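Should a chain be cited, it is by its letter among A, B, C and D, assigned in written order, with residues numbered from 1 in that chain.
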């Protein structure tokens, strides 16, 4: 064995160590920092904040977007985007409610609604894969179309009077403390993370976002993967729509208006790249809580909406800068 | 040339990446009017050394002198201003800009300080002249996107030449080129040398080194072995100093047992405007070499066979059954594999680890019945290939973008070997591979043939075509000009057919 | 009365910091439909004035967007803060119901301000609105007809298709026009500008273009009336087309003075907040209730009476034109 | 680097795989725009057939008036996108500049109009510079940075005006007149002319200057750009300054067009409309390509659709759905036209 190889082995050990350090620090560092920061800020702002029960309860308000954000993370890792998610969510709620009001049993209406959501997603997928158009533009179009059709479908009414067993899901608890929607969010996060990390399908998603041409050369059916992802995001948007119906006890066409921006903010804040190829469910999961905690904290403190915006924005950038500095610090040490 | 002052001199340059030393106290100097070759195995540190001098990386230790003045080359901009140009090993291309812009971007502004406006007319003219002198037929107003690696390399060369630099570093400029083009480039280098410029020339093709260089510096494992006058050292000595042992460079073809029935039959396939009327047969155990000049359409044929741009006319038969291959997915079903020539753009997912890259086309090897990934298994497979193909790396989790060019090529090869293909298409399989590794790859090709696989090997290196092929298909501008049987193969015939003569 | 004493789960240190003073200060919060709408500023001012006079704690909080669910987190937060009264200008008459129920269960009094939750009145104590909106719509239509000299084509420029106030106003306009007196007036189109400046202006311009013989645009929304005035001015048709509707004096002053529009109507928004402040305070003190016929005293404005369905009109409609527009600053 | 090279969002280029001669490329370049032009004409003709009054000077002027504000912002956004970045803060910058200059008018009613434009542009440029500094100094992804500053600027502008709208009585009549037909050249209001002049300048900047070309290079392959001696950070910084400056200018156009500035509404959601106009005009989100003509056409297309809907008298309930449908159909037709023409051309050449 030459001295050079021996040196390699030693160096390797050192490198591994520093890598572990970096692993600890790298991908979701800014999210973690942000999370801590938001917690500190929030509890500093108001004494009402450190009430865990209330916090858990508050998640129900945002869970619908959170669920969608989880799946949208996969779509964005694959280098695509779906702006029609919030519109699909509402459209599904309207269709389900309308079916119910036309005498379809609620159970069936729900099933049809969720399938309908998947169809809406599949339409996006088809438009993107068959025509080769940019998903950004396609979904800007379907965003208006879906919400528009929802408006046509139920006009300016609200549809309500759903059966008792259906409404108020946000007020049902597991073990008396965990709201059902919250549990759903956790389960969904685990499932998505498993898909992304532990299956070959997850690999394919990353590959498409990293370099779709190389993925094609590696025999990935990029169109099929994208189709599945768009359909999945539609399906979950459908579920979110139904959750919103249960929580609000009504359906109307303009629920969740502009929600796509909130959803994308969650995903981006979680460290997913807008150009695809990188990102994680853990990141999205944490950034969901960050935004929720910050908002809830500031709401409780009666911070004015636009001061809230400025604070959220500033904390966001600050956390990113700090984590970047930490990164370069560890990198230079390594 | 001790009376002259070296234009570039390095003193004890060392470099480590995340704790691993890849260069250890390298000192060498280059004089004006000298062609200084830099050779070494894949991963020896040639590119790293060159990148340090050109400001891409910062050295961990050591000093750089230009005209005997100590400089700190903190960025490529500084290098450019010092009159240093670099032809990168992997072409730096801007697919959305046209060829002329690709040549000039980044340094014209410095040259034409007087104007913030681009002089389009002058630029196109200058670009055309440059490419003409290189003997490249490319439209300077065409977008670069989709150009073959060889053409991109030419553009890169033109760009370096256009900078009018005093020192030009050439990191494997000829890896993707055919002998013809190499000849032109060497002519230009002689001219530059005559003008008193210093050239640092990196190549794995030792004939070129012998032909063009004045001195040669040999690196091994990040250490400098020595600097020699080229005329004082012969080929075998070079190899021995590079890899620490002697090898037979071009191992002879081991005749494999060739089946009687053709396994793959290709009849008159064509894609409009790209290639037409390509026909050949391939038996189990046979190696079909495809030769031709850059841009002859060889890569296009490979892409078509593999279903990336499906054929528009003609037929393909596998085992006597007609097949349609519309996508790589279909191709894989027929147990085909394609190792593409553009390893960085198409062959590999650069940010991914070696093991993830290797396993990516063989999901069945690393997933359980339920679809879960088997990480242990994946690791073992990768380690196996790292060992067998002698991939120089920290470990299998290192991102491939950190590997040296040659080692990346090996990963790309490993990825497709793992699919256990029946028909293996290799597009420039030894591009940028060192002599040692080359023989390894030849051995692998021989072994695969012996195992009864069908192999299509596209190569711009004539010697490997001539020795390894059972049959050679020669292309010229999208048509087939010759299909030579084993006994007919000769350098003259291949060259003649490659330049358009129908045989 | 009883449930008001029940402290919604509060942190011990939080309540201890407040229990220093013997009797707890009354907390009133007001949630307008969203921030940045100048219309609501006087209401807030009115609330503040009342809070100073009566000595209760007043806060304002609001979302930045006016979609139907955007107020929900704000209400939730107020429940957690344990306020006594939530005064709200609802964005939706039904999307808020489930959270309002929650608030009432915690003993918080709900009053609606400026707008009501139609059909769900039982979820609030009372509703304080600017004026009798039906009456206002009626008067507005009559005045508009006068300006039109009882003949010609006209269009309505509304906000969104589902805005209750707008739709109610449009409904009443249509009812008024049933009278044979207005038989020569023809409603040609109802356009929706979604209360966005750009869309409203585009809609108004399209109206002028589509109907070259258009005689008037009636716009019951403040963004709409400004857009209508702009479109009329840009096209230079102020002598041909009458724009009229509901809008704030400050936004319309220039147009009225230039004669682009003859004037507009509204109600005293400051008064809404002031009256609501007094009502809220009395409600918590247990002295007021949202029952028809109940009367309470408000300084300056005298007796205010609770009407049908617990609706309280803060004052009479306000009509302004060239002669009096400078008297108002909101 | 490989990733950069092969991010081929455009299927046309993946079908290519080879390069073609320049005359073809330039023709294809024109044809890219042709698709959008055809659709604009198609919509215009259809709507005019149904509602003849759409075919009139007034209507054209209305369409023209729709987009100067959008166009100026979209041009900046286009440059940012070409460099493979994204600026989500443009809407807030528009609002900020308009509110800030509005404040000037509240306090100094006689503030000269040209100075208002300059002040707006400068304020925007400063905000853009802040984006640029954060992005380049700390090496952060521009999407997140501008997502942050989008919120910060919006919050600050609220503090600046204490949440108060700036009513039209503060905005000088002469400024408003710039967007009125009666004070115009040949029916074309001044703000439209301003917007076109800016488009021309941007076009010249991108096509003819070294920096302009370097922007494309950066978007095409950022790593390579750095290695080729392009000062990537400086140029990215510059682009954000320009984008901010243009947004600031657009803020004044907004004041002129609408006559008042509302802290919530001004520029709200504009970033997505601007990105949509840019992408419809053929700019790829992956960076490296895009041109002014395309963006102008993208804005015109949106203007035509927005004006067509009310003119057609489509009921409020159907408008949004129709809008979405038209967008989708339009981009599909556009794509089909391009692919067809491309194939036809390929045939002809190979003969």
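Criterion: a residue touches a chain if its C-beta (ideal position, glycine included) is under 8 Å from a C-beta of that chain, and two chains touch if they have at least 3 such contacts.
Chain identities (UniProt): A = Autoinducer 2 import system permease protein LsrD; B = Ribose import ATP-binding protein RbsA; D = Autoinducer 2 import system permease protein LsrC.
Keep in mind that what you see is a predicted model, and the values were worked out from it rather than measured.
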item	value
Labels of chains that are neighbours to chain B and to chain D	A
Farthest chain (mean CA position) relative to chain B	C
Centre distance in Å when chain B and chain C are each reduced to the mean of their C-alpha atoms	73
Separation of mean Cα positions, chain D and chain C [Å, integer]	36
Chain A and chain B: spacing of chain centres that average the CA atoms, whole Å	42
For chain A, residues that touch 2 or more chains besides their own	151, 155, 210-211, 213-214, 258, 277, 304, 306, 309
Residues within chain D bordering two or more other chains	2-3, 6, 8, 158, 163, 263, 317, 319
Per-residue multi-chain contacts in chain C, two or more chains	35-36, 64, 160-161
Touch relationships between chains, expressed as pairs	A-B, A-C, A-D, B-D, C-D
Footprint of chain A on chain C - complex, ascending	9-11, 13-14, 17, 29, 35-36, 59, 61-65, 67-69, 72-74, 76-77, 80-82, 92-95, 97-98, 160-162, 167
In the complex with chain B, residue positions of chain D that touch it	1-3, 5-6, 8, 13, 15-22, 25-26, 208-214, 216-217, 219-221, 223-231, 287-289, 346-347, 349-350
Contact set on chain D toward chain C in their complex	51, 53-54, 56, 58-59, 62, 65-66, 158, 163-165, 167-169, 179-182, 257-260, 262-266, 306-307, 310-311, 313, 316-317, 319
Of chain D, residues touching chain A in the complex	2-3, 6-11, 14, 84, 86, 134, 138-141, 143-145, 147-152, 154-159, 163, 263, 269, 272, 275-276, 279-280, 284-286, 317-325, 327-328, 331-332, 335-336
Chain D-touching residues of chain A, taken from the complex the two chains share	83, 127, 131-134, 136-138, 140-149, 151-152, 155, 210-214, 258, 265, 268-269, 273-275, 277, 304, 306-314, 316-317, 320-321, 324-325
